[in-house]
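Look at the two complexes coming up: chain A is in both, with chain B in one and chain C in the other.
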Partner chain A sequence: MKKPILLRTIFADNLVVVIFLVITAAAVPVSGLPLLSIAQEIVTRIGRNAFLVFSLILPIMAGMGINFGMVLGAMAGQIGLIFAVDWNIVGVPGLIFASMIGVPIAALLGWMAGEVLNRARGREMVTGFILAFLMDGVYQFVVLYLMGFIIPLHSITIKLSRGYGVRNTLNLDAVRQTLDRLIPLKIGGLTFPIANYLVMAVLCIFIVWFRKTKLGQDMRAVGQNQVVSHAAGIPVERTRILAIVISTIFACIGQIIFLQNMGNMATYNAHKQTGFFAAAAILVGGASIAKATIPNVFVGVVLLHLMYIVVPRAGTNLFGSAMIGEFFRDAFSYGVIALALVLHAWRKRANADSARSGLRGGAAGNRTEPPATIAAADAGAGK
Partner chain B sequence: MKVPTQKPKAAQMQAQTKTRRILLRLALLVVYVALAVALFIFNRGHTVLVDNKGDPAGTFQAFELMKVSIDGGKGMEFFKGDRDKFTVVGQRHRIRIEFPDGSKPAFEGRFIVPLGGDLFLLSVPKMVAGLEPFIEPFVVARSPLPSEEDALPLVPDVPEPILGPDGKPILALPTATPADTAGK
Partner chain C sequence: MTDAGIKGRLVSAVRDFGWPRVIIFIFVVLLFLAAPFVGVSVSASLSDVLNRFGQNAVMVLALVPMMQAGAGLNFGLPVGIIAGLLGATLAVQFGLTGWVGFLAAIVLCLPFAIGFGWLYGRLLNKVKGEEMTIAMYVGFAGVTFMSIMWIILPYTSPNMVWGYAGTGLRTTITLDGYWTRILNDFLAVRIGQFFIFPTGVLLFFGLAALGMRLFMRSRTGTAITAVGSNPDFARAGGVSADRMRTISVVVSTVYGAIGILVYQQSFGFIQLYNAPLYMAMPAVAAILLGGASVNKASLVNVMVGTFLFQSILTMTPSVINSILQTDMSEVIRILVSNGMIIYALTRKSKVTK
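Up next, the complex of A and B:
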C-alpha cells in the first residue's frame, strides 16, 4: 500500500535545504544586491564549483560517505596546472595538458587513499580528512623543495627567489577563464559559460550511465551491504578503491576548472578547503552521507553560493562590519555540515529503533524508510 | 593417439586475453603520451619582441613607420626605434608588415620559433632585408627576483586609536616597530 505523503515528512527529510532557503531568502533583501548580479554570480559559480561537488557522488554511492580525500585530487590538479603554467601551454589545450599531468597522479593518490580507507572501514570520512592533512605535507614538500631542485622547472617567474620551490601565488594567465569564455552565451543580461556547462553535462551523462554498468551496480550493492555483496561474488575492496580513484580523478579535473575560473592559484592553500566546500554544497543540496543524486549537487551549489554571495553583504549592512558577514558565512557553512551529520545519525538511530520495535511486534510508527534501506544505511556507514 | 584436454586450451585462451589486454593498455598509454606531447608542441606559448631598430654599423635601416600583425591578429604600429611584444602559440608563424606611409609595398614572411625558448627578438628591418638570423633568443639580464617576504609591503600595521565622545583619542595604541616587522 502506498504511504501518504506527509508535509511533516517532506519537511523532516529536507530540513537542511529548508533552513538554508529560509536563511538566504531572509538575507537577499537585506544584502541590497541587485537580483541580476546575484543571478550572474550563481551562473558563474555553478560552472566553477559543480564539477568538484560531483566528485563526491560515487563514494557516497559505494557507502564510503563523503570523500574528504578528494583534496588529494585537487593537489594533483594543481601540480598539473603548475606544469602547464611553467611550460606556458595556453588556452583550453593548457587545461587539457594540466589534466593529463594531473589525472595519473590523482589515480595513484586515489588508489593509495582507497587502500587506506579499506583498512579503516566504518571510519572513512574522518580517515579521509586526516589523510588529506597528511598528503598536504607531502604536497608541500614536493612543491616547496623538490620542484626546481629535483623536478625541473623551466620558468623563472614561478620559482622562488632562492632558485627552487614554487611561489606562493601563481598567475594562471595562460589558462585564465579559457573554458568559461570558449562558448559564451548572453541571455537577458546574463552570460552563461556554456563550455563549462557542457563539460558538466557530459559528467552527468557519465554518472547516469555509470550507475547502470556492472561496476556501478556493484558499487550500489557494496554501498548497501558489504557482507551480502561479498557473498554474491562482488570484489568489495576493489570496488571501493575504484570509487575513490574515480572520485579523486574528478576532483583533479574539478580543481583545474575551478582554478581556471579564479585566474590565480594559491599554491599552498587552494586545495585545503576544497573538500569542505564540496561537502557543504552536497549536504545543503539535501544529500546525506548514504545517498546523493545529481539534483542534490545543483541545488546545493546554488543554495550554498547564494548564501556566500548575500550573507556577507547582509552582515555588513546589518552590523556595519564586513567581518561579521564573513563570520556568518563560515558559521553557517560549518553548521550545515554538522547539522546534516547529526540529522543523518539521528534518523538512522530512529529508523533502527523503529525497525527493532517492528520486529518485536510493536508499532513502527516512526519509521520513515523501509527496513531494507535501514540495513543499507547501516552498512553504508560501515557498520 | 593423444586427446587434447580442455585445460591447455583454456590456459591458452587466458594467455591470449592477457596479451591482448596488455597490448591494448600499452596502445592507450602511447596515445596518451602522444596527445600530451602534441599539446606541448602545438600549444606552447612564446613571447616575440618585434623590433624596429637599425644596425649601428648601417647594414640595415629602421623604418620610419610600420604596422605589424602576426598570424592575422591585431596589428600594432611601430615608429623608428620601437620595440613591442606579441604572444604567439606554436612554432610556425606568419608575419605581415605594412607601411602606412606608402614608402614600400607590404611584406609577408614566415618564421619559426624554437620550441625550447620563451622569449625571442625578431628584427623586422633585418627580416625585410633578407638577413639571417632575424629571430634570436632574447636573454633578459635579471637581477634576482625579490623574495616573497620582500614583496610584502613594509608598512607596519598602525592600529587606529580609540576615540572618545569628544573625538580625541582616549587610548594611544603602540605602533609596530621595524624590529617587530623584521621578526615576522
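Up next, the complex of A and C:
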C-alpha cells in the first residue's frame, strides 16, 4: 500500500500537469498582461466553467472514462435557456426556470446515452464523442425546424425571419450575469462571483456526500471491476446509466451557468466545444480517465484558462501573429488530452503485463519487458 | 433456419446486414425514384454521385487495413491527410503542373506518410484497447500543430502564400493551373446531355483498390487479418502482432495521404488549417454504411458504402429540398453519418469480443 515517495514517481504521475505548468509559466511574462487582470479573468472563469468540469467526475468514478456525451446535457441547458428567453423570465428566476426545463430533458438524454454506452463497453469515450455529434443533428432538427413550427415560440425577436426556427445568436440580456452579480463582493480590485461559488460549493458537498452513499460506493465498485460487482449483486448496468444521467444533468446546469456569464449564446455552436474544454480541463488538472477528484477540477480550470488567456498574447508578442498563439493553444490542449489518454492506456497495459508475469511466477515475464519502473510505481497508485 | 422460405432467408439477410443499412438503402432508392418528379435530373445526379465516389473512395479504402488488423476505425486519418497536404503544397511550391505535378505530389507525400504512419502505429501499439479515442485526439493535435507549421514553414510560391504578408499559406489554395480535375477529366465519357462518366478517377480508384486487394491477399496482408481476428492465435503462428499492426497503420496512412490528393484534384482546392479536423468522419461513416463492422471490412464494403453515402449527400439537398421546401440536408447528413457510426460501435460483432 505505502510506497516510498520518489521525486521521479511524482513527476511521472503528474507529467501532464508539469508540462502544462512549465509552458504556461513561461508564457505569463511574455504575454505582458498585468497580473491583476489575469487574476480577475481566472476568478471569473472558475465561476463560469468549473461546474461543467464537475460533471465529468462521476462517470470517471464509474469506470466509463471521460463522458464526452456531457454535450447532451449542454444542449438540454440551451433549450431551457431558449424557453426562458422566449417567455421573458428575467434574472435568477429565469435561470431557475431554464434549469427546470433543461434538467428533465437532460435526465432523459442521459438515460438514453447511458443505454447506448452500456452497449459499447470498452469504447465508451469514442461512442460518447460520436453520440454528441449525432445528438447535435437532433438538436439542430428540433431548434431549427420544430421550434416555432410545432413547439410554440412567442417572442418574435428570437425567431428566424422565415417564421420558424431560432436565430443563430440568442441574446441572453434577460439573464445576463444575474447569478454572477447576485452576491457582489469586491476584494482589492477583484470581483468575485460569490453566488457561482456557493452553487459550486453545494455541488462539491453533494459529490463528497454522494461518494459515501450506497450508490456512490456501487459506482466505485463498478468502476473497479464490473464482473466482481455483478457477482456481488450490484446492478451494474443501472449504476452506469445513473452515473451518466447525473453527469448529464450537471452538464445542463453547468451550461446554463456558463451561458449566463457569456451573455449571449451561439444557438447552434455553443455546445460544440463544451466536451473538449471540460475534458482538457480535468486532464490538465491531473485526473486520469480512471481517477478524478475535486482538486483536479479546480487545478485544471485554473491552468487551462490561464493558458487560454496568456498564450495568444504571448504568441502575438513573440511571433507577431495572434494566429500562431491560438493554434498553439488548440494544438496544446488536444495534445494534452491525447497524452493523458496515452499515459493512462500505457500504464494500464504495463500493470496488466506485470500482473500476468506475476501469475506466471515472474520468470516468464521477460518476453515483453514491461516498463518496470512505471508498472511498479502504479501498482499502488492505480487502485 | 428450418423453414428456409424466401421470407425467412430475407429476414436473416436483413438482420446480418443490419436494419439501419437497409433503411438507408431504401431511402437512397426512394431518393432516386422521387428525383424525376421534383424536377431533378437523374442522369446529372448519377454523374455527380460517380464523381464524388471517385473523389472520396480512396480515403474510405484507407480504413480497411487498420480495421482488419483489429486497430479499429481510423479516426486518426487526418495524420495521413496532413502528409498528403505536405505533398501537394510541396509540388505546388516547386511549380509542377499537370500530371507531373499530381504524380510528384503523390511521390512527395509518401515519405511523410510512411514516417508519420510508422510513429502513429507505434503509438497505437502502446495503447491497445483505447485506439479510437486516442487516434481521434492524435489527429486533432496533429492538425492544429500543422496549422502552426502552415504559417511558419518557408513556402514562397505566390499562388499559395498570403498576398499582403508574403508568408504563411492561405486557408484554401486553388489548384487551377496545377492539376484541377486531372483524374476526373481523364478519358471522361459524355453520354447524353448531362451524364458524364468520370473514367479517370474511377480507374485510379480501381488501381488503388487492386493494390489494396493484392496487399491484403499477400503474406503480410493475411498475417494482418490473422492478428485482427485472433491475436493469440496469430502469435502462436509466429506472427508479431505489433509489427503487423504498425504495417497496417502505415498502409492506412499512405492511402489517406493519396486519398486526400485525389479529393483535392476533384474538389479543385487544397484546404489547409482546420479543414482536415473532421475529415475522417465521412470516410468512417461510409465504410460502416457499406456493411463493415468495427473489426472487419472488405473492398465491397468500401464501394457499396461510398456509393450509398455519396448518393445521400448528393441527392438530399436537391430532392428533399424540393419536396419539403426547406434545407434539411445538413441535418440528414449528420444523423445518417453519426447514427451509422454509433450503430457500428454498439453492435456486438462476432469478431470483436
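Please note the rule applied: the second predicted complex is superposed on the first by the 356 of 383 C-alpha atoms of A that agree within 3 Å, B and C clash if a C-alpha of one lies under 4 Å from a C-alpha of the other, contacts with A are read in each partner's own complex, and residues count from 1 in each chain.
Here, contacts are C-beta pairs under 8 Å (C-beta built on N, C-alpha and C of every residue); 3 or more make two chains touch, one makes a residue touch a chain.
Keep in mind it's a predicted model, so treat the numbers as computed, not measured.
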item	value
First (chain B), second (chain C), both or neither touched by A:356	neither
Partner chain in contact with A:116 - chain B first, chain C second, else both or neither	second
Partner chain in contact with A:156 - chain B first, chain C second, else both or neither	first
Partner chain(s) touched by A:89 [first = chain B, second = chain C, both, neither]	first
First, second, both or neither for A:145, with chain B first and chain C second	second
Chain B versus chain C as contact partner of A:174, first or second or both or neither	first
Chain A residues touched - chain C or chain B, whichever exceeds	C
Chain B residues within the chain A interface of the complex	32, 35-36, 39-40, 42-46, 87, 89, 118, 142, 144-148, 150
Residue numbers on chain A that touch chain B, as the complex places them	87-91, 93-94, 96-97, 100-101, 154-157, 159-162, 167-168, 174
Chain C-facing residues of chain A, complex	65, 116, 119-120, 122-123, 125-127, 129-131, 133-134, 136-138, 140-141, 144-145, 321, 323-324, 327-328, 330-331, 334-335, 337-338, 341-342, 344-346, 348-349
Contact set on chain C toward chain A in their complex	72, 75, 123, 126-130, 132-134, 136-138, 140-141, 144-145, 147-148, 151-152, 168, 273, 281, 326, 328, 330-331, 334-335, 338-339, 341-342, 345-348
